[in-house]
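Structures given as C-alpha cells follow.
Both complexes below contain subunit A, partnered by subunit B and then by subunit C.
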Partner chain A sequence: MTPPAVPGLALGRARWFRRLRLPTQPLARHMILALCGAAVLYVVTSSLSPYNDFEVGEIALYVIALSGLSLLTGVNGQISLGHGAFMAVGAYATALLMTHTHLNFLLELLASIGAAAILGLVIGIPATRLKGPYLAGMTLLLALALPPIADKWSTTFGGDQGLTTTVPAAPGTTNPEEWLAWIQIMGALIVVVLLANLLRSRFGRTFRAVRDDEIAASLAGIHVARTKVIAFVISAGCAGLAGAFLGLSTGVVNTGEFPLTLSIQLLAAMVLGGTGTLMGMWWGAVLLVYLPQWSTSLSGDFNLGSGASAYLATIIFGVVLIVAMIAAPTGIQGGLRWAWGRISVFGSRLGVSTPSVSEGPGATLHGPDQVRNSG
Partner chain B sequence: MRQSSHTSIGRALVTGALGVTLGATLLAACSSSPKATTTTTANVPGVTATSISIGATVPLTGPAAPGYDEIAPAMDAVFGWVNAHGGVDGRKINYTYLDDGYNPANTATLTRKLVLQDNIFADIGSLGTPTQAAVQGFLNTQKVPQLFIESGCNCWSDPTYPYSSGWQPPYTVEGKILGSYIKANFAGKKVGYLYQGDEFGNDFVKGLDMEIPSASVVSRQSYDAATLAGPLSNQIAALKAAGAQVVAMATIPAATALAMLPAAAIGYFPQYVISNVGADTPTVGPLLSSFTSKGGGSAAQAKAATGLLNGVITDAYFAPEADVSNPWVQVEKKLLQDYAPSLYAKSGLDGNTQYGIALAYTFVQALQAAGKNLTRAGLVAAIAAHGKNFVTPGFVPLSYSSTVHFGFQGSEVIKLSSTAPPAVTPTGSWIGSTPVTPVEVTDIGSAPVTKYTGSTSTPPTSLVSTS
Partner chain C sequence: MGLFVNITLDGLANGMIFAALALALVLIFRATRIVNFAQGAMGMITTFIASSLLGRGVAYWWAFLAVLAIGFVLGALVERVLIRPLQGKSELNPVIVTIGLLVVLEGVAGTIYGNSSRGFPAAYSQSGLTVGHTKIAFSHFDVFILVSVLVLMIATLVLFRATSLGLRMRASAFSGEISRLLGVRVGLLLTLGWALAGVAGSLAGLLVAPTSSFSPYFMDLVLVYAFTAAVIGGLESPVGALIGGLITGLSISYVGGYLGSGLQPLGALVLLMVALMARPEGIFARPPARRV
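Right after this comes the complex of A and B.
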C-alpha cells in the first residue's frame, strides 16, 4: 500500500538524502555542529544592533555557566545552589590580573578557570559526603558567604566600586559590543564542544553511573568520590569562565553582581532548559536574558506602573518555573526531543527515515527524576 | 532510553507552552523597536524639537527598594509639572526609569539598552554606588551625561570621568560635619562606630576619623547590608561592652532600627549620631514599630519604640518635611499632591520624595541653563558654569565647577526632638527636629568644617519660568 503523497516525502525517501548523516565519531560530530552554530551566530551578530549583540554575548556567557551546572546537577546528580560564588571567583581573578598585571588576555581567562576550579576542588571534596538538601545547603552557604569577603578586604577587591575590566581592542572597525559578543560566543562553543565530548566519553558514563546508583558504581570499580570531585571541578571551572565574561560585559567586577538570586536563577534556567542537556542550556540562557525584558514590555502594554512591572518579571519567572517543574520536568530540550521523537515515528510510518536523536550531544537518560530519587 | 510514560499530551502542551514563551521572548526581543525618538537637525540623541528623553536605573525591587523606590516617581512629578507648563524651551521631558534591583550586572544591561537602543539624551538620577560604578566607564566613553547620581561616593567627581557628577553631600563631608559636632560637644566621651561595610560606611568613617581623635574611638563595628536579616545584637553588645557613650552610625533605615531595638532591650541608651541616610523619621519610625511587632511586642510597645528616636543627632541639607512653615516644604507638598497623588497618598512628603523633587528641579535648571541649542557636552558645561547659581531647597548652594562635580557639600546638624513640630504624613505623625548648629560646609579632603555665611534660596513663585 503506497503511503499518501506528502510534499517533501520524495526528498525524504531519496537514497542520497538518507545517506546524509552526521558522523558518529563524537569529536567530528560536535565540531561540525559547532561550526554550523558559529556560522549561524556570525550571520546573526553581524546583522543585529550593538545592543542586541551585547545581549547575544550575555546569552553565550550564561550558556557556559549553565552547561557546567547541567553537567554537575543533571549528569552527576549533585545539586549546587552556589554557582554564583564560582562565577565571582572567576570574575575577580580576571579583574585582579587586569588591574595589576599586563598578562595576555587568554592567560587571564585560563587563570579565572583555574581559580574557580581550585575552589571547586576545595568545595567538592567535603561535598562528596553530602547529598540532596544537605549539599544544596552547603552550596547555598558558599553563595552567601563568599562575595562579602571581597567587601571585607575592600582595598584589594575594590569594595563597592569594584575593579574595572578592559576588553581587548576590537580589530579594525568592528564595534566593541560585537567583538565582545564574539569572544563570548567562541568561549561558549569551545566549552560546549569539550563538555559534549566529555559526556560521550568514559567520564560521562562514570558521571551517570555515580548519579544513578553509587553503590553499584562502586562495585563496578568506579571511584565514586573522585568522580564527584572531578565533576565539581569541571563545573566550577565553567562557572569561573562565565564569571570572567560577565565581568567583561559589565565592565566592572563588584560583589553586587553576584547575589544569591544569581545562583538560584542559574538553577532555574538550567531546569527550564533541560537538566542534563547541553543544547537545552541555550534555551535556558535565552530565557534568563530575555524573560525580564519581555515581562517589562508586557507590563508596559498593560500600562502598569514601573514598580508593578519590576515585580511582574519575578512573578512570571517563578510561575514559568513552577509550571515546568510540575508538568514538564525535562524542560524545553526534553520537550523538543519528545516532539522530534513523535515526528520520527510519524515519519517512519510514512516511510521516511529521520535522524535519530538519541545520539545527540548530552543525551539525557533520566534527568531530574533521577536527581529526586537519589536525593 | 525510553521516555517515562507520563501523560504525554499534558507534557506536550506544557512543553509547547514553554516553547511558545521562548519563541515569544525571542520575537519580542528581536523586533523590539527603539523608542520613537527622531533626531533634530543637530542630530543629538534623545532630543527633538518637542521632547527630551532621559533615563535612569533605580532599585524598584529587592532589599534596596523600600524608600528608594519613591525617588524616581517623585522626580516624575516635577517633570509632570514642567510638561504641563510647556516644558523647557518647548521640549517636554520623558523620563524612563528601569529596575536594576541594585545589581550592577542588571545596571550594565539596562543602561546599554537605554543608551544604545532607546537613545536617551542623558542618564539622570540613577541610584547606587556599585551600580553606577559599573556603567561610569561605558557612559563616559559614549559621552552620555551621567548626572546627579544618587549616591554619596567620593568617586563621582573624577577628572577621568568628566560626564559624571554627584548631587547629594558626599559621605565623607557628612562624616566630617557630624564628627566635628561630636568633637565639640562630647569631648572626652567614649565613641563607638557602627557602619555599613561598604563605600557608604567606609567613606563616612573616613570623615569621622578626620575630626574625632582616634583615642576616643573605643569600638568599630560593621554590618553587611546584603545579609542584613535580624537585629545587630552582636555589634550592639560589643559597643556596650566597650563602654561607648556616643555611637556614630552610618546605617540604612532598616539597620538603624535593627540597632536601636536590641540596644533598648539590653538597657543601652547611648547618644546616637546617625547619618541622614538612616535617620529620616517617617522612614525609620514605621520600621521601629513593625520590627517591634514582628518580634512579639504589643501595639503599645510598637508605638513606644518610635520614641527611641528622641534625642538622636543627625544632619540635614534641606528643610525636613516637619518644617511646615518653610516655603520649600509647602511648594514640594503641593507639587506632590497635584502631580503624584497616589505617591502622596502612600508615602506623603518624606525624605525620599523631597530628595527626588529637589534633584529633578536641579536638572530642570540645568536644562534651562544649557539653552535651546541642547547638546550633551553643552549640558555638562552649563552645570559647571551655572550650577552654583541654581535655586534649590538646599541650605548651601551647589558646588559644581569645572573641577568639582559634587553638588551639596554642607549641611546643618539637627536633633530629633519630641517637643519640635512633628512630620505628618499619611502613615502617621513622626518626630520632628530642631537645628543645633548653624549650616556648615567642608570638602572630602583636609579643609576644616566651617560655618556657612551665605544665604539660602527661596522658591520662585512658579517652579519653572515658562519661556
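Right after this comes the complex of A and C.
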C-alpha cells in the first residue's frame, strides 16, 4: 500500500464514502435498493410514452421469470429448458379465473403462482433424482408437451384465439399502460426482494451447498431432495406470476405465446445476465425485450426479408449464448462485478474506498460476503 | 383390429427413426458424456441441404450420400470448435452450448429457406403395401426405413465389437487418461464419435422429412422422442437405443391413434418420467456407480 499523498484529503474521502455504504443487514439493504429502484422506475414510467411503458412492464415481468430461473439454475444447479411451460400454466390459470369467476385481482395472481408451483412440484420431484443432461431433456420435453394440450381441449382453453385477460381499471387519470407497467414493476420488485432475502437466509445457503456437492451437503445434514424440490417450486411459482403478467400485457393468452423458443430465450437471457445473480436478470430482461427490435431494424438495414428478422433475433441469441458460455460464463453482471472489483482495488490503492481492517471489525466481517452477494 | 395393426406398423417405422437419432445421442454420450440437444437441428440442416441439392437436379442417391458425408463433417466440426473448449467445465455448459447451436441452426435454416414448409421426396413409394387383399399402413419407404436403420445399427455394433478402431473408441470413452498413456489418440476418437453421430442424425433427418411438415422446426419433437428412447435404453448402448426407439415409437403411436396427436409429446413426457423413476440408469446400462 502506498501512503496517500495528502492524508487529510484521503481521510475525508474515506468518511464520505463510508457514509454512502448501504446497510449490511440484508432486509434493510434490499428494501432500500428496491425503494430506490421503485423511485427511479416511477420517474421513468411517468415520463415515457404508453408504448415505452408497455416495454418497461415487459422487462419487469421477464425479471420475475429470470430471477426464478437464476435461483434454480445458478444457485441450486438444476437446469430448466422448459420455463416457458410454467409461464404458460400461470397465464392460463389467471385467464381462466378471469373468464369464469370474479375473484379479486390479487387472488387471481396468487392462483397463477400456485398453479405453476404445483406443476413445479410434479416436475421437481422426479428431477431430484436426475443429473444435468437428463433434467435438461425432461424439461425440454415439458416445454414441447404442454402447449398442444391447450389446443386439444380448445373449448376450455380457447384454441387458437385463446382467452382474454383484463387489467383492473387504472385509478384516476393514469393511462392504462402506465398502470399495468406499475403493477408489473411492483410485482418484480417484491419478487426480487423476497428472493434476495431468501438467498441470504438458511435456504440460500442450503441451495448453494446442494449445488456445489450433493453428497457433502447431505453429510452436513441437509435434506438434498427436499431442498431441490423447494427450489423448483419457488422457481416455477415465479415463472407462473411472470406468465400471468405476460397474459395481461398481451391481452390474450394463447399457445402461440409460449413456444419452445421462449424457454430457450429465457435460458439465454439468464446466462447473458449472469447465472445465479438477481441484479443481472435486469440486464437479461432488457435484452429479451429489445433484442428482437434491434434485430428487426438490423435486418431492415441489411435488406433481409421480413421473415428473416424474426430468425435474426434467434440467431443472435444463439450465437451470444454459445460465445458467452465459452468465453464469459459469468455474464454481464459477472463482468460488472469484475470491473467494480478492479475499481475498488484501484481506489484502495489511493486510500479511498473498500472496507479494510483499519475501518473496524464490522466492515471486515461482511466485506467478502458483500462482494459475492451484492448482485 | 385393422386400426390397431396400422397404428402398430406406423409406430414401428417411427420407432426405427427415433432409434437412429437415439443412436446418435448414444454415440456422443458414450464418447463425451454430453447429450447433444442440437443433434436434431443438425439433421434438419443437412436435410435442407439435401433439399437444395435435389432442387438443383442432383440424383436422389447422390444427394443422400453427400448429405451423410456432410453430417459426418458437421459433427466433427461441432465437436472441435464448440465442445472441445468446454472440457472439464460444469456439465451444464455443454447443455447450454448445444441448445445455443440448436437455435442458431434453426434460425439459419429459417433465414435461408423461409418458414413455409415444403415437401421432401421419399426414396420409395409412400403408398401402403397390399397384403392379401387389404392395404396396410406400411409402405416401400417404411421398409427402406427399417432396413437402413438396421444396417446403421449393425454397422455400429460391428465397429464397436469387432474392429480395433471400435476397441480404441470404447477404451477412450471408458478412461481417456489411461488410453492416452497407451498411445490411443483420444481427442481424435472423440471427434470421430461426434462425426459418426452426425451421420446417424443426417439419416434420421432424411427419413423423417418425407412424412412431416418440412420446416426448420421439424426435428424438435423427433429429438425429444429420440432422447426419451435413448434414456430408456440407458444412453450408453446402441442396442438399448434400438429397443428404446421401438418402445417410444409404439407408445407415441398408440397415444396418437387412440387419444389424439396433440397428446403425443405429453405421452412421451410421461414415458420418460416413468422410465427415469423406475430405472434412472436405463435398461441396458451397467449397474450404476456414482462418481464422488
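Assume the second predicted complex is superposed on the first by the 330 of 375 C-alpha atoms of A that agree within 3 Å, B and C clash if a C-alpha of one lies under 4 Å from a C-alpha of the other, contacts with A are read in each partner's own complex, and residues count from 1 in each chain.
Keep in mind that, in the parts below, a contact is a pair of C-beta atoms (placed from the backbone, for glycine too) under 8 Å apart; a residue touches a chain by one contact, two chains touch by 3 or more.
These numbers come from a predicted model, not from an experiment.
Colleague: Once both complexes are superposed via subunit A, do subunit B and subunit C end up clashing or fitting?
Modeller: Here the two partners, once superposed via subunit A, clash with each other.
Colleague: In the overlay, answer first, second, both or neither for which of subunit B and subunit C A:P148 touches.
Modeller: Both subunit B and subunit C are touched by A:P148.
Colleague: Using the superposition on chain A described above, determine whether A:T250 touches subunit B (first), subunit C (second), both, or neither.
Modeller: After superposing on A, A:T250 lies in contact with subunit B but is clear of subunit C.
Colleague: Would you sort A:A220 into first (subunit B), second (subunit C), both or neither based on which partner it touches?
Modeller: Neither subunit B nor subunit C is touched by A:A220.
Colleague: Based on the superposed arrangement, let me know which partner A:A328 touches: subunit B (first), subunit C (second), both, or neither?
Modeller: A:A328 sits against subunit B, while subunit C stays out of touch.
Colleague: In the overlaid three-chain picture, which partner chain does A:I343 touch, first (subunit B) or second (subunit C), both, or neither?
Modeller: A:I343: touches no partner chain.
Colleague: Contacts for A:L81 in the overlay, against subunit B (first) and subunit C (second): which applies, first, second, both or neither?
Modeller: A:L81 contacts subunit C only, not subunit B.
Colleague: Could you look at A:I315 and tell me whether it touches subunit B, subunit C, both or neither (first, second, both, neither)?
Modeller: A:I315: touches subunit C, not subunit B.
Colleague: For subunit C, which of the listed stretches 207-215, 225-233 or 243-251 runs into subunit B?
Modeller: It is 207-215.
Colleague: Taking the stated contact definition, name every residue in subunit A that is touched by subunit B in one complex and by subunit C in the other, in rising order.
Modeller: The answer is residues 144, 148, 151-152, 261, 305, 307, 310-311, 314 of subunit A.
Colleague: Under the definition above, what is the set of subunit C residues touching subunit A in their complex?
Modeller: 29, 34-35, 37, 82, 85-86, 89-93, 95-97, 99-104, 106-108, 110-111, 114-115, 217, 220-221, 224, 227-228, 231, 260, 262-266, 268-269, 272-273, 276-277, 280, 292
Colleague: Can you tell me which positions in subunit A touch subunit B when the two form their complex?
Modeller: Touching subunit B: residues 48-52, 54-55, 58, 144, 147-148, 151-152, 154, 159-162, 164, 177, 246, 249-252, 254-257, 259, 261-262, 272, 283, 286-287, 290-291, 293-294, 296-297, 305-307, 309-311, 313-314, 320, 323-324, 327-328, 331-332, 334-336, 338-339, 341, 358, 363, 365, 369 of subunit A.
Colleague: Which residues of subunit A touch subunit C once you look at their complex with the stated criterion?
Modeller: Spelled out, the residues of subunit A in touch with subunit C are 73, 77, 79, 81, 126, 129-134, 136-138, 140-142, 144-146, 148-149, 151-152, 215, 260-261, 264, 267-268, 271, 304-305, 307-308, 310-312, 314-315, 317-319, 321-322, 325-326, 329.
Colleague: With touch defined as at the start, can you tell me which subunit B residues reach subunit A in the complex?
Modeller: 1, 3-4, 8, 10-19, 21-22, 24-26, 28-30, 32, 60-61, 69, 72-73, 97-99, 101-105, 108-109, 112-113, 116-117, 128-131, 133-138, 153, 155, 197-200, 202, 224, 226-227
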